[in-house]
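Some structures to go through are shown next.
Both of the next two complexes hold chain A, though its partner changes from chain B to chain C.
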Partner chain A sequence: MPTVLPPEPMADVVCLGVGYMSGVIAAELSIAALNNQVNYKVVAITKGPYWDYVNDFSTTKYDEWGVGLGRKYDSPLPLQSATIRNTPQQFALPVRRYTMPIQYHALGHGVGGAAQHYGGTMGRQGPWGYKQKSLTDTKYGTAFLPSINPHNDLEDWPLAYSDYEPYYVDWERAHGLCGNYNGSTTNSSSDMNYPWMSQNYPLPPHPLTPVAQSFQTAAQSLGYHPFPHVSALASQPYTNQYGVPVNPCVYDGYCGGPCDYACETGAKANAAYRTIPAAMKSGNFTLVVNSFIFRLNVDTTTNLITSAMYYDAQGNIHTQPGKVFFNGLWGYNMIRTMWLSGVGVPYRWNSDPTMVSGSLGRGLTNGYLPYRGTSVSASLPNVGGNSYPAGNGSGGSVDIYDLMDDNFDHTGLNFIGGSEIGAGGYLGGGPGNITFAGGSSSANMGATFKATQKDKYLPSKLSLGSTPFAHDLPTTDNYVDIDPHYTDAYGDPVARLTYDWTPNTYNGATYLANKVAAIFTKMGATNVTVGSTVNPGAAHNDWWGHHLRGGCRIGINAASSVWNKWNQCWAPYFNIFGAGEITNTSGDNVPSGTHVAGAQSYVAADGIRKYLALTAPGQLT
Partner chain B sequence: MVSQTRREFLRLGLAAAASAAAASGIEIPLFANQNSSLQTQLNSANTQISNLQTRVNNVVGFLSLSVSEQSLLEAIVETIIPSDSNGPGAKEAGAIYFIDRQLAGDYGQSANMFMDGPFVLPGQTGTFNVNGRDIYNLSNLAPVSLPYTGTPSPRVGAGTNYQYPLNLREFWRVGLIALQAYANSAYGGNFEKLTSANQLQLLLDLWANKPTSFSNIKSSDFAYELTFMTWAGFLMDPIYGGNQNMVGWTYTGYNGVNFGNFYGEGYDQRTLMVATSPTRLKPASLAQYQQKATGGA
Partner chain C sequence: MPALRLPDKQKSYSPFVIESRIPKPEELVVLSKRLLDSTITIGKALEGCTKKWAFGGDVAEVISGVNVEPDHVTILTTKEGCDEISGKLSRYAVVAPAMAERKLAREAKIAMKPHPVMIRSYMAQFNIDGSVLDVHGDLQIRVGEWEWGDPLDYEPDFVYVVGVKVPVIPLQMKSEIYNGLGWRDRAAKIHEAVIRSRHKFG
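For the complex of A and B:
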């Protein structure tokens, strides 16, 4: 039997999980100088350890098998999994294993969370993204969205881009983002897409690869506006606004991409090496590691949350009381924990979209169209370079935003939004040996296939590829609830994801693929091939990894969203905030919504300050 | 063979090398070209280091595979990646040792897999009932009968595709027996004795779910493990027992943990990233990297 221990000392702010978003809350609320010299006590709880990149990663991270398949730094599936299905009528199958080469995407474990092992790809959401519902209705008519997105559930954000802009700046400074916008017309290549940025990224971009340079020239000649990819991997030594020093990238290639390596220099931005060190130094912060949060206790009279309960590594039960709680858990576990605690209004699906109810779990979307999108492949014989690991996960490439958002006219088309289009990041985002050398089909056997692998990583074999993801839209049929059959290691139900592709993604991808092919052709590529169009009837989502997002919407409407404009839970659960799971974002430049959610964590920090200054608990306006 | 620099000699600093030098009464370290006798001694020591490095990158012997499994699996991996005029294959890489080590360890034990029931096979169609609980009323833990119309259809190799109530070691045991049974029934003999064309065709049959000998297992699921694990045994770091002497990396032109200067080539990583002409680097293994990083600095 687990021992129930006496309650821990009262905290002002309790962070659930210690990833990107909780890191911001921890730093912003614990540092007295940022809060008019008020000493807020912050406690943050994570189920994993505090990785130290020097000791933990420097000699053992160059291990494709252990990192990529063993997921030795990541969330263990026996502890908790999730189930997935495509329709509400199906039995949802549990995710039983991490597999290469198909699904290596793991949730994070410990301080830094999933951002310990991502590619660092970033990009703000522009003005259109925050108002995509109303702008689409105005420009294309109110009948358009329902016609292209059956059971459409798209909504605007509570505020406009200009309201969020200062929060983006804070977040970019904290994490040392790289990009080249210089705020003036001298850099005409980026003007089109960044007229709405008030200041530069804190660090310059990574050097462009030869492929990126070729793409840049070709795109420009076709009238597009290429610019270096925005990256969260530091390009130079840097110190953020909290005084935390950052080492730069060393370009060894064991980075993002197929395997998602941890970074041995700390150049890969995440909470462990940007915000949590500052919180630790504040003297007002307590970090609780190896502890699994399982419940929030709610006062049945006030509906306020009084404490969070967690298991320590020995299975003992701890109770952490607090004045305000910040839900920084991974997307569907954020939902699960609230659902199991009776916080929020659980979403109840109905085949009639007008009959659905509740908001917790509503609006699951996908920032990815993995392997079933329309893909473009080509050979690029005249550009050299090395395709074995060198470089990093998100630097070195260039992008265009011309085919994203409403940057082109959608009249007569059957989708809204679009995608960032880019090229030039190497295969060297990670070794990816197994991904590229097969194992997933019958074609990967025998002498004929083996011959194709000879010198695969040398430039003579350099190939170009692109799979535009297009823009996923929320529907009432894609959602998160909890599973009636499967439980975590402690006996609590796991999250159940009901999701299938929306037509907007494959219709958009089909349109975009031909545009990409035209750029590749302009680059001088040969064998430019546009892969087959997705057949929505024949291909269904089997993706469960960390690009599925949403289900916990920031919104205008309490009936369909969980958080208000301050990222505070709607009445009556006033004292819980969340970074917001990103249901509505535009384009794939923010594949997991990290950059957008990052700005929201600063919104939440401001909201929590405002809440703690209230004389009585209530809704912020 | 790439000659060792003095610096690497010192860093590697293996006991055997030191004792070889000490036995001859030579004090090390010494300048490599001090005199020809010393040079000879040093070369001899370096050869021994190189041999030890080779042994670091090799394993032999079995921990998990049974005698009959060894010969069968050897024939299978050599079918998937044959040794031919293009270069070495699964045999030279020792892919079977990689698989053996995996079956004996976490992979075989499904140690990082979610293995709780109920076990519902993918692809089940039609209406069926599974007992569950009312997820909207969590206080009600009494079983309720929930009707479903089918399951999703994940790809072979997807995280939700494997739904068997067997750990992967048992899955391989069952799979290899079923494969051998199919070889006998469809091709008239044990897999090891078939022509190489028939061996490849048999594996293609597995991918196409032709055999019936697999009973409740989809043979394509087993074909996936065979194909994928063989390639892993060819291409993963030698520390796991396959890719011996890094033949898989040499074949694919992959650099392993040589970031441009492991053997003193003089490249830096940033330069390689933006290079416009090809650079073939001799690969280095994780064990070599760790020896160098921690051995003598």
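For the complex of A and C:
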């Protein structure tokens, strides 16, 4: 039998996982100066290690095989995986590797989580996104959504954009986001179309590339409102509101590519280099690494969680008691851990959408484009490039929000929302700029492959490409539950993802591709070509992309959501909070879900403060 | 759901990872909230300052990534700059601008011998919400019996502190001064910060 060790000392707040969201909770609750000099004791537990960007990344990251294919910094699949299928009728199979075509994006591991290796692209969700259900019903009729999204399960958020706006500011300051507003012409709180800002981003945008400048000029001439892409890679030296200094990006080129290159200077924002250092400095914070959380213990009389149990690296079992628990695990594990512990109401699928029940696992969506989508391509014959210096996060590019949300009339169209459209990001992706093995087409191997590499690093002409799509909408048929067959290394069931893209993504793409083509044409591009229309269902999701999200909704209705407006679990599980839930994002073709989730972590921090001040456990209102 | 089932044998999983130990609190570079708030207040108040100025001292080093523990804020400027800053920060004034000369607590160590270090400047002092701010105009340094050096001049670097762009004394200049004084430990801290940022001086 494993050795069960005596319980650890009681904590005020126990963070499950130490990624972006937990980092905010750790800093906000452990720093006494932010809590009227109350010294809350915070413990945070992660299955992975602590990463130091100098010792761990500055030399070892230049390892194309180990990082790009071996995924040596990422969550090890033999430890835990998930299974995936497209429909409830299929047998779900486990993800066995991170490389295409089975899988592409890897989950994070250790302090900082997935943000250790992400692209760093950001972008707020606008006012429409938070109320898209009611606004769509009002403007286009209540029959519209069910007609374009079979088994529709879209809901409004419990708070409006104006409620989240100050929390966005906190998030952006903590992580040193770069940009220059979001395209709102008035930047006033009456603007319902664009994410207006009470404070500009704390850092200026990265320098724009020639392509971005061309896109900006063309977009403006077409009446759009371009703005620099929002990036979480520090463009300048920075110090955040916790007093943590940040090194700026060195544009080393080993950054993006397949989104897997950790940053060697800490310029790529994540909890390890923005929030956790401040928590550690506070004296009120304990970091537990290499420890796998497998259960929450619940007092059956009060339904309050009393402790979290985890395995250490030697297999010993630890028990961490706490007053409040914050679930900052990655989406599927957030759901799985609660499900296995009997916390929350598990979602039960039914082919009849009126017969479904439960909320935990309900509403899985995808922030990424269909594997095949309607695309548009073009050439810029007179613009060259340099692929060596590069940051990622689409730094250097320019975006517009004019073709997303309800910023154009959808009357007569068969979709809602749209896409953030942009162009001009830095060319370089380090070695990721070379097509990795794994595909099966002739372009990915042999003489054809070599030929395409000749002009790769100092191209004399550039290609433009875009595969825009409207956002994925929740349905009752896409969800997370517990797999009945496969287990993790410790014998617990893994999460099972049932997901396929919804029609909204494809239908939006058809419309948007032509709009993008018009911008490319205005830029002076040649050979502007809109690809053949890809109809809904023409491609199926066969990957466990890290942009699959949702399944643990924040909402108004306890029957269909897990968290209330304070990101507190609905009754009776009052003492667990969570963030990172982004079922109902208005979406775009960049994964801004992190930014949307980030604001919630500050809401949750305020919620936890309120909860700890209660004289008896209860629901926050 | 099934109740917790413990495996019948010890299970451990040790994936190969390259990992660092968790740093000790004293190894982490963090500016205290009090000095951070003061730095922001000063930065905002001096946004329109016409004379050259920059944060110096340990605060400038922390926000540039150097692991030191400041206890007050320092600004280096010219004599005219000191007067202008004194006007902008008049509500925080404690000591009016005047010539001042003092001996530093730490001695220089040159050719293995200790030497007293004197500084003189046109100096004013302020209390910014509980933090001491020293403003030095045309600061000069004298080591032992050598001549006074020229007033310090510099081209500042810039750091964004919670969105407020503030000038700071370049680390390269501070490193040169520390090395000149024989304060190798302080120069080494700067060297470590520069290595971690992977940027060249300046």
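A few remarks follow.
One rule holds in what follows: the second predicted complex is superposed on the first by the 565 of 621 C-alpha atoms of A that agree within 3 Å, B and C clash if a C-alpha of one lies under 4 Å from a C-alpha of the other, contacts with A are read in each partner's own complex, and residues count from 1 in each chain.
As a working rule, contacts are C-beta pairs under 8 Å (C-beta built on N, C-alpha and C of every residue); 3 or more make two chains touch, one makes a residue touch a chain.
Bear in mind the structure is a predicted one, so any value in this text is a computation, not a measurement.
In the superposition on chain A, A:Lys450 makes contact with chain B only, not with chain C. Of the two partner chains placed around the shared chain by superposition, chain C is the only one that A:Tyr242 touches, whereas chain B remains out of contact. When the two structures are aligned on the shared chain, A:Ala143 is found in touch with neither chain B nor chain C.
More chain A residues lie in contact with B than with the other chain of the pair chain B and chain C. When the shared chain is aligned, chain C comes close enough to touch A:Lys281, but chain B does not. Of the two partner chains placed around the shared chain by superposition, chain B and chain C are both touched by A:Ser58. Of the two partner chains, chain B and chain C are each touched by A:Val250.
By the touch criterion defined above, A:Ala616 reaches neither chain B nor chain C.
Of the two partner chains, chain B and chain C are each touched by A:Pro76. The interface of chain A with chain B overlaps its interface with chain C at residues 58, 60, 76, 78, 250, 252, 340. Residue ranges of chain C in contact with chain A, taken from their complex: 1, 4-23, 25, 28-33, 35-36, 62-65, 157-163, 195-199. Of all residues in chain A, only 58-60, 62-65, 69-71, 76-78, 81, 83-86, 89-103, 207-210, 250-253, 340, 346, 348, 383-386, 388-391, 396, 426, 428, 431, 433-434, 437-442, 444-447, 450-451, 453-461, 481-487, 493, 540, 542, 544-545 touch chain B in the complex they form. Taken in their complex, chain B has these residues touching chain A: 79-82, 84, 86-87, 89, 106, 110-116, 118, 120, 122, 124, 128, 130-136, 138, 144, 146, 148-163, 200, 203-204, 207-208, 223-224, 227-232, 234-237, 239-240, 248, 251-257, 259-260, 269-270, 272-281, 286, 289-290, 293-294. Residues 1-4, 31, 33-34, 48-56, 58, 60, 72, 76, 78-79, 109-110, 173, 176, 199-203, 236-245, 247-248, 250, 252, 264-266, 277-278, 280-281, 283, 287, 289-290, 292, 295, 309, 311, 313-315, 317, 339-342, 489-491 of chain A touch chain C in their complex.
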